[in-house]
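Each chain carries a letter (A, B, C, D, E and F) given by its place in the written order, and its residues are counted from 1.
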């Protein structure tokens, strides 16, 4: 696959790893946060940590769309879905996210009409096919996904579809990063910037990080070499005592983002005064809601939504994991009470969730792995 | 809705028992890799624990072949059916059979409702296949169990069905040695369908076939007919009819053994299921190209079965049984056969109901209680309640 | 964040120029290219696909530059390794 | 709508051929009883004719056990599967098996759509069960076939499915010797579900089990993985994805025979179906309490399977095959095994994909193409298309 | 079963048979029509003809509710049923009646929503459960069944159910008997009167038969002894040169019928000017339609019904069979093209249809049967 | 015409006196007795059931009379048969 395979080359990874190792100042520890869950996924899926020196630690950030949905919103969605006239549509990732009484998947098994879609546009197809039902799209995701929801709303409006609406849970990444930067218990040396969000918002929004907090940011692609190169670029900035926003993913991310996408979002959605993030609490101006002009497509206004706040289960330490304070395995219930089969926190649900990524791909003794790899004939490290 | 907040507390309770060696001084004491390794070891122990199905309902995951499927198989099926042949959970069960010939049969069970007075789809699925083997003259030995579950099916119901299967298997002396589970979307099944295939062994040179029926043979039924079918029709509740009647579902291998021991010359046996006794009589007439002459007065039918049949305008002769067999024996052995069957609890109501005759080959006639004669043909269509 | 897959635009849908057929390793799907209306992709160009929408065009020039950099350090590394090996042999 | 006015003309056309001896002078010539008898004889001849299913769609009658059921069995199933063991249509098929041990397996097939590029539910149902027997080391001999049909299912589709089954059975050298048909109400199934159980015989003292895997063993896959699963996902049409890819459904008994002939020391085989190759690797790790170390680069995956998987955010390792097996062989036999498999058309793409190791028992690790290592656990849930 | 078993006693049958035989005047043939299909069913089901002397022939009349429905009405019903909002409810008997493109059963298999009911009241239950659908009850039957339909309509009206209607095909027996009496090709010696119809209409409506046509009528019950006794009573009238209406079934049939039932019919339905009967053609004032006052429950007015006339298949001789001109087996296609599996005419569908009754129960050589019975140990004749 | 089955009224439904529970050979069903409102049946009385409605009451007196007649001719017939047999034996 073009633009994929060439960025998975092991030889180049060794070269980059050597460069990174060479940049390590003796005795210094480096902590970088990959903001985006897609990066977390790549890191574990490809075993990228095998290439990093001990001194470099990756901290998994809050950029997993599913992980930050608070339980109350899941319950609200479930409440909507349980209306007999409603067909709820949802991305596959969302299906296993636990609300306080089970997931969409459980509700579907119990008879609630919840259907999985690949694209928000599929919801329109379902709406057209079921004119006597109300199709509600469970909109989740960061700025990457919001434009697709926006385009789908514009399309529905153009068609005059009257039975399609959006339960809007889109969130914006910058306030979350800011919240993390402001949290007292975390020391980071730099950020691996979210590549796909940046195709929409561009690189400028990160400048305050470099400027005000003095932390380097490298917007990174999603292949393992992209991430390794970004780490190298961060190390290089640190060694040169620079703190800038750089774009490793320039083949995909334009510096100014996608204006059409931003316009579409702006036309249909506006910032909420505040929104609850799982583990991070309420963050102001951190999420989107449907604009008044599209009230007829706003499920929150069309149907009454209980909107109760549900406290996370006490055992759940997702907040600490999302902030990068705890490693996934350091959560007390990790792997015993909380597993991908029975996720207690949402970080255990999505393949982008730090806990799930670690559990599914990373759960092994790296020292022993390294030995085995060296010995094993099937490997080729 | 599955789970409820209950599952979280459940999971945590279990977690408490995840024999975790306490790190004396808290986590700062050990280097990171050691602490991580301890967590991994704890997870490893948790994973090796006895699997438990946490969901209250079957979800698509239970059929996807992954962890949920494995948990379901181990916690529900293997746990109930446990035997050395099933236990390896390999792609096929391996065993030896001692006997010159092997009998193989299959049936799918789609009964609705799944639970009914006298049984449920589980014992039905075991007994039905045991019976097909038994009436073939085989000693039933091994069963397969293939489940098609509908998304949303309550796990508690599945557990009940499965434990009934095991009880039925134990009662019949057979083992369920291999199985399969598929889950289909909600609305693509009716809770639970079960297929069982069965393997039995024929000892000696017994040779049974309805094609062997000869004029002069007697036709025997092992007990009152139609109990199962009427029970099911009423259990559906749509007809609003109540009656104290229960399904006759039962394994017939014991009864068959008694019969064969007493009357080695038995020509053929069939278990009367869908289509009832009438269908079997027609199968005899057709296969052997003989006439069959039965007597209405001699056919045992319970009052309730008759009452319900009259109300619905259907004929008990066509109503399904699940624990009754029809046997064809030489005329001279009729008495001995009935005696042998009556000596077994499941044959207490055995009776000669007719005879094989030479004339009108292919046709089943019934001497009515009224003293007339009528044809009893294969049923056309379903036995539909009728007004006229 | 969120899955993005590179695909090659194969053709623009005749009736709805909002839609384009893309090819991902021999697999084809119609996707919405409305988000690229400022500079619509042409057949042969590559786009990044996310939930049925093209989110951005892939800049081949930038990709080549990135590859060049990676190859250069790869080469440097190999030279170094080779040099090291030679020094060991000696 | 079934029939259409066409069925009347059909019936009449057939009636014309009901070799009716013409009464010379018309009906007034003969006494009533003789005329009646002639009509009865004519009917008798018509009834003994080859049965034909006239309906275009399956109705509840086809499952009621009466005439329609019998017609369906004879005209569709018996006609396609005809063999001496099936033909008596008794309650069980009888046969002898020559071999010390017998293998028994079952699987239900609920694939949707029923027809897909490269096959349909019919050949799938035969191949799948043939494969479970084959990978157990058995020579597949006899199959059962249990159909659950949905009211309204087109008879033409059923006929296609059944003839594919027969073709697959012939190709695999097995016979379908007994069967069952149930019809459920519209909305209680998805057209057609099939269960097949299979009996095979183990010759010699071959003993295969994933529990026998030992450190040092090589793990081989017989060809590119995931073709079937991706074909089915795309064939459903919901994803609007096109690709020139067809199911790999195929009977593996020939390939297994070649492998066993070349490498008698084979430890175990599994056919990779639901859950894909990843699941089998986990089964090996768990059953033998060993580690498994596979290499991503060595696992054959077609471009289209990879492309579709990337688009959908799923991992080909978990995608189903229906004509691929995973074999565990002693390390020293790996080369011979691959050579033997490549000599067979269904093993042309065979490759060593990994090895059994002693450390990290119970865990499957994958050396990624990138040079890292990751765990490959059992799949949780369905492979769901994902956005993130 | 009380009131059933005692009327199935073989000994008494032999006695009656002897009495009947004794009444036969040498050389004379007796032809009685049992008007009611229920009687036809009893006759064949119990093998009653085995008791009758050669000289007595039973002619099967038109009193099978299903047999007289013309194909056009079935097609109309199918048209109604195929509307997406309609749930059609029907008695089981009706399910296999062939229209010009298959039966209800076929349509159901093809996806049309047709449900079987035991009682018209069950349709109300379905209507209550499906408030957004239109439930149409396929009302068929003679005066026996019409009161149940009427009571159901009254109940629906009382409840204010707005989604229940009736596709009314109720017919009345007297005009059909009159049509048969007026048909030139049939000679009958008397009538076995329909017992259950008479519970509603009583015995008076038959008086014209005795008075104007000089034929005796005996209203008969449905057990075989009832019919045998009725034949005996007819023979007795003939031997005494009487022609009267007598009531053999007095345990159930009041001479004046059931006034409540007649009132219920009269309140909800009225005579149609004419109606087509299968095989008998159009007969004036022979059927019921819904009264104007209940127009909201009349499916014919609520929905457009094509109302096309469909000619019976050419081969079909149901008309002759219904009039008693042909014996079932004398129809050219009987038993080869027309069987219960593939009925060409409706007389082959219902167990009350003469052809079906003969095919299902009577299709054997009676002479040989008699011999076999005598020889067979299982019988007890 | 149309199926009619005799059943014994077991009880009148307390809330809806339109309904009665009848017993047919040990099988019970609620049926509508609205058509007998001129003279509603009491428990112990028998009715004729058709499509869920009681169509008429069964008159036990008339039934007994019918039986009597049948028995009388039955008796006469048996006497005759007996006489005939005796004459044959003689």
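Going forward, contacts are C-beta pairs under 8 Å (C-beta built on N, C-alpha and C of every residue); 3 or more make two chains touch, one makes a residue touch a chain.
None of the values given here were measured: they were computed from a predicted structure.
What chains do chain A and chain E have as common neighbours?
B, D
From the centre of chain D, which chain's CA centre is farthest?
F
Among all chains, whose Cα centre is located farthest from the one for chain E?
C
Would you kindly tell me how far, in whole Å, the mean C-alpha position of chain D lies from that of chain A?
Distance between chain centres: 41 Å.
Report the inter-chain centroid distance for chain C and chain E in whole angstrom, where each centroid is the mean of the CA atoms.
78
Taking the mean of the CA coordinates per chain, how far is chain C from chain F in Å?
88
Distance from the CA centroid of chain D to that of chain E, rounded to the nearest Å?
Once rounded, the distance between the two centres reads 50 Å.
At which residue positions does chain A touch at least two other chains?
1, 4, 9, 14, 37-38, 64-65, 91, 105, 118, 122, 141, 145, 225, 340-341, 352, 363-366
Do you know which chain D residues sit against two or more other chains?
In chain D, 60-61, 67-68, 239, 303, 306-307, 310, 313, 377, 380-381, 386-388 touch at least two other chains.
Residue numbers in chain C touching 2 or more other chains?
Counting only residues that touch two or more other chains, chain C contributes 1-3, 24-25, 50-51.
So, with touch as defined above, which chain pairs make the list?
Those chain pairs satisfying the definition are A-B, A-C, A-D, B-D, B-E, B-F, C-D, D-E, E-F.
Can you check the complex and tell me which residues of chain A touch chain D?
1, 4, 8-10, 13-14, 37-38, 44-51, 64-66, 91-93, 95-96, 105, 116, 118, 122, 141, 145, 224-225, 339-341, 350-352, 359-366, 368-369, 371-373, 376-381
Once bound in the complex, which stretches of chain C touch chain A?
Checking each residue of chain C against chain A gives 1-4, 6, 8, 24-25, 32, 34-38, 46, 48, 50-53, 55-56, 58-60, 62-63, 65-67, 69-71, 73-74, 76-78, 80.
Which stretch or stretches of chain B touch chain A in the complex?
Against chain A, the touching part of chain B is residues 1-5, 7-8, 11-12, 14-15, 18, 20, 27, 33, 35-37, 39-40, 42-43, 46, 54-61, 67-68, 71, 151-152, 186.
Which residues of chain D touch chain A in the complex?
Interface residues on chain D, with respect to chain A: 238-239, 291, 293-295, 297-298, 303, 306-307, 310, 312-313, 352-355, 357, 359-360, 363, 365, 367-375, 377, 380-381, 384-388.
Could you list, by residue number, the parts of chain B that touch chain D in their complex?
Touch residues, chain B against chain D: 44, 47-48, 59-61, 63-70, 88, 90-97, 100-110, 112, 131-133, 135-136, 138, 142, 144-148, 177-180, 182, 184-185, 187-190, 193, 195, 197-200, 202, 208-211, 270-271, 273-276, 279, 287, 318, 320, 362, 377-383.
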